[in-house]
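Heads up, the next two complexes both have chain A, just with different partners, chain B and then chain C.
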Partner chain A sequence: MDTLLNLWSTIESWMLAFPVVIYLVKIGILLGCVFAVVAYITLAERRLLGFYQSRLGPNRVGPLGLIQPVADGLKCFLKEDIVPLNSNPLLFRLAPVFAFFPPFAGFAVFTFALPWVMPNGRTYHYSVADVDLGVLFIMAISSLGIFGLILAGWSSGSKYPLFGSLRSASQMLAYEVPLTLSVISVVMMAGSFRLSDIVAAQQAYKFYFFIPCIIGFVVYFISSVAEMNRTPFDLPEGESEIIGFHTEYSGMRFAFFFVAEYANVVFISMLAPALFLGGYDIPFVNDLALYGAHPNIVSILGVCSYAAKSTIFALFVIWVRATFPRYRYDQLLKIGWLVLLPIALANLFVVAGIKLFLLK
Partner chain B sequence: MAAYLPLGILLLIALIIVPMTMIIGRFIRPQRFEVSKLQPYECGIEVTDSPRGQMSVHFYIVAVVFLVFDVETVFLFPWAVAFDKLGLFGFIEVGIFLLLLIVAYVYAWLKGALRWEQ
Partner chain C sequence: MNAEKPSYMREVLETREMELNMGPQHPATHGVYRAILTLDGERIMKLNSVVGYLHRGIEKWAEYRTYQQGVPIYDRLDYLGAVLNNHGIVGAVEKLLQLEVPRKAEYQRVICDELQRLASHLMWFATHALDIGAMSVLFYGVREREPIMDLFEAHFGQRLLPNAYPIGGCRLDFPKGWTEACRKFLKALKPRIDDYETLLTGNRMWRQRTIGVGVISKEDAIAYGLSGPTLRGSGVCFDVRRSIPYSAYPEFDFEIPLGTNGDVFDRYLCRMKEMRQSIRIIEQALDGMPEGDLKGKAPKIMRAPMGEVYFTVEAAKGQLGYYIVSDGTDKPYRLHIKSPSFINLQGLNRMSEGALIADMVAIIGSIDIVLGEVDR
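And now, the complex of A and B:
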């Protein structure tokens, strides 16, 4: 044990001399976890949709189909890369980059648990960069995804992707405003943009923010499903019926759009618990008092609690996909502009009133 | 500012992943080009007219309405963070601000900017 501790303190002094090493290790762990989760959420969705429709779903590659995501990735990786003659080659190649990076970069500002304490008293945070403008950064970077769609549709040099991308862009614009407004109500309750502060505020209030912001939570859920382009708002994809923005894409470039969509699902399912469901707070237990006694047990349980909450949220999103039929395009825009937007504004006032008159 | 350094590193890594994979894949994937393979999608027939045709003006109107409300949310963010300090004064002030916007919203609604079925 002593030799291990000595070894660790040597490693630690090296890492403290070069903090970039700590960042890179954290980023490596984060991206590894995110890629694994994204790969397996595709499998989970296909299997679950299979069960919902009385099928088995993919179960051939490996036990229970567990190697299926690897096989899918490898297949797309080995496909020919086609850039159509009519397209604008540079923008055509740039579009998947813009679609792909926002959710992955957004994971940086999450905090996954209370800090881990080493035997020598040094603490390590479960986050890559818990910056003070976390929520603002998330809202800013997730709107960049629209650029990917527009670029993909326009640069394809084909009519149908262009129509598809305009449709998707106006859908995402319509639902971004209610999404932002519902997030603002949470920011107002917490009084901070930092995600760990928002969770700390929920621990301090001893109730989760979905209680005062229940309307905001519903609006957030509906509009995030629309932002993720999933059923019942999946007009941008419309897998078998309508032509979407990525018609001209094939092989690995198409796979990047596909991965980006599922990364968005994971991203939204990890953001929702932090904002509305208490994040890494363990329900029915006073975390902060426990943390004083056994910090490391609480931080591990916190990671588990966070993971459980976001898994439930993600399964709920898959359940919605299995249950609801698709909206017509005018209905979709009507729900966004004429229903969700006024409700989100009203929610903002309700929450402001609660904060001003009830919590003082 | 130093807190943003790992954020920047992750942003760069996330940006690099796609081009890197495409460059590595270039040595593995087949490349057998053919003119008919590189034609845009047109249900199998010859491409008939230009892809850069006219658009429905409604897309532009939606974009303008979005701009109005997005700028509104930009103003609401600082208010939400400073809500504890502003108190009732801030509540009423933002109420007036939103009331003005709701007037604009109703105007756009009555003008038919938010109507799609024709």
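And now, the complex of A and C:
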């Protein structure tokens, strides 16, 4: 044990000498975890859809089909990469990158638990960069993802993808404003844009923000489903109507869009608990440290609690996909502007009232 | 359309209509149907149907086969309603040769016809819902259809294209245990249909996607010659089983569900209700199954008298008619098939006026075309 600790302090002194190393290690761990989760949420969705639809889903590759994501990735990797003659080759190649990086970049500002305490008393935060304007950063970066879709459809030089990109542009107009307004109500409650502050505020108030912002939560859920491009708002894809913005893509470039979509699902499913469901706070327990628990146990339980909340949210999204038909894109615009926007605004006023008069 | 645009748009932005090929390879055209759409944005300005990608020359082919030899090919018209096609041609030849079909055989035909109608409607239900985006329904529809295919396999020896009836009657009695299996299936299907109705009929999204979409008025529907649920969705009470009775249908008690507005939703409701009526008919037929002969007195070599004959049945998609001109030999001089999908497809132009691409998909689904029948 002592040798281990000595080894650690050597490593630590090195890392402190070059702080960038800490960030690189954290980024490595985070990306690894996110990729694994994204890979397995595709499998989880396919298996779950199988159960909803009275079939089995992929269960051949490995036990319970657990190696299926690897097989899928390998398959996409080995496929021929086709760039249509009619396309704009530069934008065509760039679009998957645009779609791919925003959800992954967004994870940087998440805080996944209370800090980990080393035996020598040094603390390590479960976040890469817990910046002041975390929520704002997330809003900005997640809106960038739509450019990937628009560029992909537009640069394909084909008509069906063009429709996909037009639809995704109009879809963005529909969901972006209510989404932001519903998030702002949370920011107002917490009084901070920093994600860890928002969770801390929920711990301090001893209630989660979905209680005062219940309308906001519903608005957030609906518009985030639209942001994820999933049923009932999977219009840019609309597989039975326009086949989708990625019609012309093949092989790994298509896989980038695919991974980006699921990364978005994971991203939103992790953002929602932080904003509305108390993040890494453990429900029904006020403060574990009061019961004499070690801070590290608290932080591990916090990660588990966060993961459980996110999983429930993600499962809900999958359930929605198995149940509902698809909206038309003009109907989504109508819902966005005539239904979601007014109630998101009303929610803002209600939350402001609660904050002003009830929580003084 | 141009006139509706605000003036600044007309001056600054020149917008052009766009031509879009929907099909022949498109997931929602249910086969190799091709629609050339002229679009303003996603709104359909003009629709040009192109059919014929699946033309197999069945009508010409029939002229080179004797009446018995020709029977199996008609299964391939509407391959989701093969038994009904079979009933049509067999009935036409029987009418031409003035053959008497035993009553028991007629009952058996009614049972198999209605099972086939159920199978076809379930397949329609599955694909129509998938077109509108409810993906799980696809699997439910196919799952319910599976026992029907099993019943066909047990009785006919074939699942999809069973070559069901010979001219003059039926081949075999139902195998042992078949009737019970059939009753069991019907009993299980009834609550399932209720389930699916709760999943879709009351669903706001489903209603928003279907109500008021693809409207065709009563008059237009008649003028275009539509038939089947596509016609009845507009509120016209025409069902061959009732209007031009054939087989044993006059002996059964069933309702003909009608729509009011003639939109996608009404056609959907019509078919859902029709499935319940089919179950009713099958149950009555199973209960009242008469004793007696199955095979009629059909000659080995069928030399038809000179003349012409037209016989129609109510197929799953609508009125299916066979028109045979005989020159006195054992082969038809000319055989024409009035296929419901082909004629119903004509209504698509009227239904898709001012619709969006997404509506177009819903409308094609609601007409329930099978391209094997459209192109023949």
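The criterion applied here is as follows: the second predicted complex is superposed on the first by the 352 of 360 C-alpha atoms of A that agree within 3 Å, B and C clash if a C-alpha of one lies under 4 Å from a C-alpha of the other, contacts with A are read in each partner's own complex, and residues count from 1 in each chain.
The rule we apply is simple: contacts are C-beta pairs under 8 Å (C-beta built on N, C-alpha and C of every residue); 3 or more make two chains touch, one makes a residue touch a chain.
Remember, it's a predicted structure, so these values are computed and weren't measured experimentally.
*Asks:* Identify the partner contact of A:Lys79: answer first if only chain B is touched, second if only chain C is, both if each is, neither if none is.
*Replies:* Once the two structures are laid over each other on A, A:Lys79 reaches chain B alone.
*Asks:* With the two complexes superposed on chain A, say which partner A:Ala322 touches: chain B (first), chain C (second), both, or neither.
*Replies:* It touches chain C, and chain B stays clear.
*Asks:* Let me test your reading of the model: by the given contact rule, A:Ser192 touches which partner, first (chain B), second (chain C), both or neither?
*Replies:* A:Ser192 sits against chain B, while chain C stays out of touch.
*Asks:* Should A:Thr231 be classified as contacting the first partner (chain B), the second (chain C), both, or neither?
*Replies:* It touches chain C, and chain B stays clear.
*Asks:* With the two structures laid over each other on chain A, which partner does A:Asp330 touch: chain B (first), chain C (second), both, or neither?
*Replies:* Both: A:Asp330 reaches chain B and chain C.
*Asks:* Any idea whether chain B or chain C touches more of chain A?
*Replies:* It is B that touches the greater number of chain A residues.
*Asks:* Contact-wise, after the overlay, does A:Arg55 reach chain B, chain C, both or neither (first, second, both, neither)?
*Replies:* second
*Asks:* Using the touch definition from the top, say if A:Pro295 reaches chain B (first), chain C (second), both or neither.
*Replies:* A:Pro295: touches no partner chain.
*Asks:* Kindly classify A:Ile242 by the partners it touches after superposition: chain B alone (first), chain C alone (second), both, or neither?
*Replies:* second
*Asks:* Where on chain A do the contacts from chain B and from chain C line up?
*Replies:* Of chain A, residues 159-160, 166, 243, 329-330 contact chain B in one complex and chain C in the other.
*Asks:* Which stretch or stretches of chain C touch chain A in the complex?
*Replies:* It comes out as residues 18, 20-21, 26-28, 41-42, 129-136, 138-140, 143, 199-200, 203, 205-206, 208-209, 356-359, 361.
*Asks:* Taking the complex as given, what residues does chain A use to touch chain C?
*Replies:* 49, 52-55, 159-160, 163, 166-167, 231-232, 234, 238-243, 321-331
*Asks:* Which positions of chain B touch chain A when the two form their complex?
*Replies:* 3-7, 9-11, 13-15, 17-19, 21-22, 25-26, 28-32, 35, 37-42, 47, 49, 51-53, 55, 58-59, 62-63, 65-66, 69-70, 73, 76-77, 80-84, 87-88, 91, 94-95, 98, 102, 105, 109, 114, 116-117
*Asks:* Within the complex, which stretch of chain A touches chain B?
*Replies:* Residues of chain A touching chain B: 20, 23-24, 26-27, 30-31, 77-87, 93, 96-97, 100-101, 104-105, 107-109, 128-132, 136-137, 156-162, 166, 169-170, 173-174, 176-177, 180-181, 184-185, 187-188, 191-193, 243, 247-248, 251-253, 256, 329-330, 333-334, 337-338, 341, 345, 348-349, 352-353, 355-356.
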